[in-house]
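For reference, chains read A, B, C, D, E, F, G and H in written order, and residue numbers begin at 1 within each chain.
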Amino acid sequence: MDIKDIIKPENIVYQKTKLFTEKPLSYCPGCGHGTAHRMLLEVLEEMNIQDKTVGIAPVGCSVLAYEFLDIDMQQAAHGRAPAVATAVKRLMPDKFVFTYQGDGDLAAIGTAETIHACNRGENFTMIFINNGIYGMTGGQMAPTTLPGMRASTCPFGRDTEIMGNPLKITELLAQLPGVYYVTRQAVHTPNAVRKTKKALRIAFENQKLKKGISFVEIVSNCNSGWKMTPNQSNKWMEDNMFPFYPLGDIKVPQLEKV
Amino acid sequence: MGELKLMKGNEAVAEAAIRAGADGYFGYPITPQSEIMEYLMTEKPYETTGMVVLQAESEVAAINMVYGGAACGRMVMTSSSSPGISLKMEGISYLAGAELPAVIVNVVRGGPGLGTIQPSQSDYFQATKGGGHGDYRMYVLAPASVQEMSDFVKIGFEMAFKYLNPVMILSDGAIGQMMEKVVLFDPIPRRTPEEIEKQCPWATTGKNANRKHNVITSLLLDSHEQEQHVFKLRDKYERMQKEDVKFEKIQCDDAEFLFVAYGSSARICQKAVDIARAQGIKVGLFRPITLFPFPSEELLKLSSQIKGILSVEMSLGQMIEDIKLAVECKIPVNHFGRTGGVIHSPGEVFEALKSTYLGG
Amino acid sequence: MTEEIIIAGFGGQGVLSMGKILAYSGIMQNQEVSWMPSYGPEMRGGTANVTVILSDEMISSPIVNEFDTAIILNQQSMDKFEKTVKPGGILVYDPNGITRHPTRKDITIYSIDATDEANRMGNVKIFNMIVLGGYLKIKPVILIENIIKGLEKSLPKRHHGLIPENKNGVMRGMEIVKQN
Amino acid sequence: MAKVKGAIVVDIEKCKGCSVCIPACPQEVILLAKEVNGKGYQYAYMEKPDACTGCVNCAIVCPDGVITVYRTKVEA
Amino acid sequence: MGELKLMKGNEAVAEAAIRAGADGYFGYPITPQSEIMEYLMTEKPYETTGMVVLQAESEVAAINMVYGGAACGRMVMTSSSSPGISLKMEGISYLAGAELPAVIVNVVRGGPGLGTIQPSQSDYFQATKGGGHGDYRMYVLAPASVQEMSDFVKIGFEMAFKYLNPVMILSDGAIGQMMEKVVLFDPIPRRTPEEIEKQCPWATTGKNANRKHNVITSLLLDSHEQEQHVFKLRDKYERMQKEDVKFEKIQCDDAEFLFVAYGSSARICQKAVDIARAQGIKVGLFRPITLFPFPSEELLKLSSQIKGILSVEMSLGQMIEDIKLAVECKIPVNHFGRTGGVIHSPGEVFEALKSTYLGG
Amino acid sequence: MDIKDIIKPENIVYQKTKLFTEKPLSYCPGCGHGTAHRMLLEVLEEMNIQDKTVGIAPVGCSVLAYEFLDIDMQQAAHGRAPAVATAVKRLMPDKFVFTYQGDGDLAAIGTAETIHACNRGENFTMIFINNGIYGMTGGQMAPTTLPGMRASTCPFGRDTEIMGNPLKITELLAQLPGVYYVTRQAVHTPNAVRKTKKALRIAFENQKLKKGISFVEIVSNCNSGWKMTPNQSNKWMEDNMFPFYPLGDIKVPQLEKV
Amino acid sequence: MAKVKGAIVVDIEKCKGCSVCIPACPQEVILLAKEVNGKGYQYAYMEKPDACTGCVNCAIVCPDGVITVYRTKVEA
Amino acid sequence: MTEEIIIAGFGGQGVLSMGKILAYSGIMQNQEVSWMPSYGPEMRGGTANVTVILSDEMISSPIVNEFDTAIILNQQSMDKFEKTVKPGGILVYDPNGITRHPTRKDITIYSIDATDEANRMGNVKIFNMIVLGGYLKIKPVILIENIIKGLEKSLPKRHHGLIPENKNGVMRGMEIVKQN
């Protein structure tokens, strides 16, 4: 059978969702931000809530998310997305609201806003891209940088004596009663991507049910910041990030009930 | 005529917010303005008009909540006092950069630092010159009575939406804490979501099929775009200057000397004018009501008949710079004022005028 | 008519609410009023004072440093405010706890044993109303029916039952105030 | 027996040559081209088009979403 | 002569901090100044001079770490860029209120809001008028070269300790990012704890039997005390004006027109002066090096011979107010400048001068 | 035996420590801040480290602590004491450093500084006065205000639907590896006071051993804010605060080792 | 048998009359005075001085630290 | 002598370090130098350019918008910078990937097949050194020994082993550059 017989509109089994704008993604080649965006949009598309969704972009590489996601979006000051989203959701409780933040944004400068939005049990979805580094500003140490891992502000590796241990903010948040669903996923393999999508779907369905915060961490590479090729960085992530940030559900209310 | 009440300035702000049809208030306690949130929490407008009232975890969170709400086209506000306002500087700059409407009340206390909880006017520079980064301005209203604390909330929201710009109500601890009669304006119903979408087509209320997605941002990586954006802001500020300068002239017609003062100081100067007039000294009071845009043109006009200006501020002298620039240094302009929470009395102000311009 | 009053004493003596009742009552008789507290950092204890202005004209400055009347309820306030009374003005004070009594000759000084009287009446809460009565006896700037209206306005509904005893306090104060 | 045949189309100008799709393909269909696109990236292409089953693995891991996948059944 | 190096402005700041004997640096990454902390983390002065270098969780934390360090009499500093500096406003006001010495570097980018990462000078007001609350000022140094990025760190610390006041180095993205030759001053050893206690008897280093306990605070609940405190600050600012104004005059002797510009803009104007002079136009450049205290007296003196001033700033025009006040509005003062991250070229500046004052 | 025979210098068994200044405490009658101050000073006195100690006062009623404690002290901006103390300790590692903060200061505005100082494992002592309210500003709701409890910004009682649940920040901090010792105490009865003193002693001894953060929470009354008499408020505290904030050790490394 | 006798001295001017010491005393020694001090507070005093054992409970709970405790042994 | 140079291309082509070597080398022969990058938000990819000024006098403005020399390494940069060369100045470019070649007549245009040459030499890393060599052939503003010294200064010690191949690149560039 000839290829051109396969490449016909009726045979399409996968294509980029229409919820992307026309703008090419500004992310570095191989960066997980793009995949995370795509899964998010696929969920919005499947739930048919594009017109009811407001997203909050952070300051970080994904500050430009609003250029790519064809939904109404706000760009929040560094670390303040949860505060911004709090107002958005409270003022428009019938909309779907999400934040999308990096590890510097969510777990360093935004710690107070993150903890308190979670503690208040605001009814929105938080998406947390943990790449263990400050991507946008050129690869500085993040709260989640691993011990011994190099970054531009710890060029000899994170020295936990001086710089402290990496912060597992996700595990902390899971303990707050206002937080309903917490999971940690990845987007570097087809399987991981599928699971991430499922998690995002649950997170948005929870919002419909007014369950409080649903928190989806996505461990991702920052191949530029890590100074590796994309595939190297994904391998490194499996070998080094996952042992410290194990993938899987952290708080699943269904299970709790059992 | 609306309802007559005896109220604290802070309470008047809160009541006015409800009556103006505000959609949300986000704040953090700080003396001398905590009554604003306390009044709202007692009145529970969320059970009546549906207005959201939320105590945030900090001033930083509060101003960013305001950002989020304003970006949905909602009428939202916050209030604080000096140290708390300093913490909002980044957020205010973001509001200005993203061209969002919001009302921010500063019930000023004495600084710098933790300072004192007593009334002061030492945040004039911060309010008018942009305490945050970048080329931006707020529209700054300076109430001098509890009545104006109420009225300016309404005007503040009007201006915020007219210009899509943050508006500051620059009050002080005296006006916030004092009680006076106030005639409350009749309640205005909150706009419906449909009305909001019509009034604010730029708002992020959910992209429907009829329009492009709305984006609220202040990021323009291309510096030429950023420059165009800043020029657009400048044009807006110039338009404020043309269309919405506010001021008050008291006994200025035959005045040879002028007090220029705003807020509490203007009240005190008004009494000082009476004292002076009683002694046959022809003094007037020029009260800027908008501190930005500053009523420069009017002041310049007036200055031709004036022999000297005393800028009376509860600070080391900040507005005096705008006065000098306004009158183009054509007549003497001097400062008098107590600071650090001390309030000058009418007598002191009068004495200062005498010793400055009348040889003691 | 313009009456500029300072009321000063301990926190907890009802200084601020006395001022509030005066201000509300002023409104009841169509006066212009202003009520300006001085607020300190302490929650309990410490001193408290409030400036109340009642006037038939627009009040320019709510902040004044000379008063027609000073109502003084502890020693610290006596030390601070005796000197701020305008010549010809009046000073009303409760001698309880006062160690240095007022000495000015250019003002008229009245005393009122309100603490004792309140104890005697078995109702310490009306202490401030007794003082208020004393002041109104000397300077009837407010009609008694307007005081009642003022009380109605300034007290939450659920406390309206207390109005009669408050009125009693005012009446009693009018009786016991005396010129020094 | 019906056999599944697949094919992918890479939006060459938007491909960033990151290679993430390559190990994701169980059939080892994909390689990077020697040539570069307008942005200077070597882009992905089907080196072994016959092996493609249209499993969409490559497409769902592609960070830039530049892969469209087609699949059809052919009688073997 | 010291060591000659080719360095970025940001690197020069970091290297100078080590050489000046700084005790601590506390910062948070932000473009275009992250190289300062990166350089320090690479040089690891904590293993050599013992200088502490710490990446804080935010700009707010960083400025408060500076507060803590300064209160121990230590030489401490922080750096950031515009949005991050806005977040430091409360902390800076505290430093000023508590009279603590510290150096704060702002490598300015275009605002308001997130703006752009390109160079700008639109934080002039914030730096010079006090972006934080209360009556306070920073001593503000404006470097125009990599050399000065290095030198001003040392001078900054000297001034900070002379006046017990925060010092701002107001730079911009261009000077931060560019590389130039720099002659590094010879390293100064860090002071010993004993030296610090001697130099800073007010520092909180542990109360020993020989002295009262030391307290660092900016709280003065009594407003009269607060007023006295503010007057003390005012006297200090006046002393700065008398003793430590810095400026540079380039080809001003016979000038008929004047560029007034600082930082990057001054460099550009210098070239514009050359262009103008080549065409026989007598232009000079007056460069304020301290933006506060502003060199008003010198500028006034100079103004008698000048027909017109062009204030050249990468902003909508902020310093122009200080220029007008300085020359008492006696001669025309106009603004020219690109903003939002766009940098004017020498040619543009020259054209602006011509069109403003020479009929095109 | 006559009383005047007992009241002789040689018979003194308890008196206010000399480490207090002459200034009378500005706290409301019956407020626990004074007792907490005294225990702290007694520990410093017993360890003989007055000359080596630097304290950080917060913004809150205890902002004036520096007036009463005769040690070198700094007054930090609202919520920032842990950041201030971080610098103090790092610049003078041989000194004893402590922070003293209220619940608004430590757990609301200062959340980020608290979490990150703890996470870095800074080697100082944190004293946390949890009175469930903002005392200084006149009794507003704090992050730790109990459900249903009244405060001036929740005059009808804390409504957890709108205002979120009280935040057990102490339990969260205990999970950070940088935090070595965590305990919750009180100062309303002689027994409680004795235990608090012991806890404070351990906290400062740990500092000597460079163990990282030692965190002592003291549940205390704010009788003014709660609008009760001091003894009523202590009773209310036992009945209402302690069930939610149970007293006792939360993280004790000695036990961990077993 | 040696009996322990105690006594307390309240710094009257600094006592705030908070009453916290009263329930802390196992011997019910303390009450508030009818009179007030210079600050207007009813201050604490030993109503039953003989009962005091000098156990210091009152002193260590006193928020203002205004109680000094004395103790001595007497032969019973 | 003052030479104002813009070097522009993709990120990753070594644009900034070529500028750095030039600047360091300038210092080695006692010149004043400035190196002014334009920095964008993207980490990888995107365009990069740097302005280098070498001068015997003090450099006033490090920011200029007209150049004596433009060294251009991709199409976007060609579009942006061809027009910024001063009349009489020079433009050096690598034709690889260039779809619209330069057309100005008032400047001298040189091309250098550096990409191909680097591939041929089996060392893509010396691409930028080949370009540099080409430029120096045309404008010998820097002596070759100072380039070596500049390399020594700008490369970390552990990379000094690479200097010979870099020098090779420079020499090769000198050979292959040609006027259009």
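Going forward, contacts are C-beta pairs under 8 Å (C-beta built on N, C-alpha and C of every residue); 3 or more make two chains touch, one makes a residue touch a chain.
Note that this is a predicted model, so its numbers are computed, not measured.
A.B. asks: So which chains count as neighbours of both chain B and chain E?
C.D. replies: Where chain B and chain E share a partner, that partner set is A, F.
A.B. asks: Which chains does chain E share as contact partners with chain G?
C.D. replies: Chains that touch both chain E and chain G, as defined above, are F.
A.B. asks: Could you quickly compare E-H and B-F and let me know which has more C-beta contacts?
C.D. replies: Looking at contacts between chains, E-H has the larger number.
A.B. asks: Any idea how many Å lie between the Cα centroids of chain A and chain F?
C.D. replies: 37
A.B. asks: Roughly how many whole angstrom separate the Cα centroids of chain B and chain D?
C.D. replies: Their C-alpha centroids are separated by 60 Å.
A.B. asks: Would you mind pulling out the distance in Å between where the CA atoms of chain B average out and where those of chain G do?
C.D. replies: Comparing mean C-alpha positions, chain G is 55 Å from chain B.
A.B. asks: So what's the Cα centroid distance for chain A and chain H, whole Å?
C.D. replies: One centre to the other, that is 41 Å.
A.B. asks: Which chain A residues touch at least two other chains?
C.D. replies: Within chain A, residues 28-29, 63, 75, 77, 108-109, 111-112, 115-116, 136, 138, 143, 163 contact more than one other chain.
A.B. asks: If you look at chain G, which of its residues touch at least two other chains?
C.D. replies: Answer for chain G, listing residues that touch two or more other chains: 16, 41.
A.B. asks: Going through chain B residue by residue, note those that touch at least 2 other chains and give them in order.
C.D. replies: 31, 54, 57-58, 60, 83, 90, 94, 98, 113-114, 117, 217-219, 221
A.B. asks: Which part of chain B faces chain A closely enough to touch in the complex?
C.D. replies: 23-24, 26, 52, 54, 56-58, 60-62, 64-69, 71-72, 74, 76, 90-91, 94, 98, 193, 204-209, 213-219
A.B. asks: Could you please specify the touching residues of chain A with respect to chain F in the complex?
C.D. replies: Those in contact with chain F are residues 108-112, 115-116, 119-121, 143, 163-165, 167, 171-172, 175-178.
A.B. asks: Chain B touches which residues of chain E in the complex?
C.D. replies: Its residues touching chain B are 60, 82-83, 85-87, 89-90, 93-98, 108, 110-118, 120, 122-123, 125-126, 129-136, 217-231, 233-234, 315-316, 318, 321, 324-325, 328-330, 338-342.
A.B. asks: Across the complex, what residues on chain A touch chain D?
C.D. replies: 1, 3, 5-8, 11-17, 20, 24-25, 27-35, 38, 187-190, 193-194, 229-231, 234
A.B. asks: Please name which positions on chain H make contact with chain D in the complex.
C.D. replies: Against chain D, chain H makes touches at 10, 45, 74, 97.
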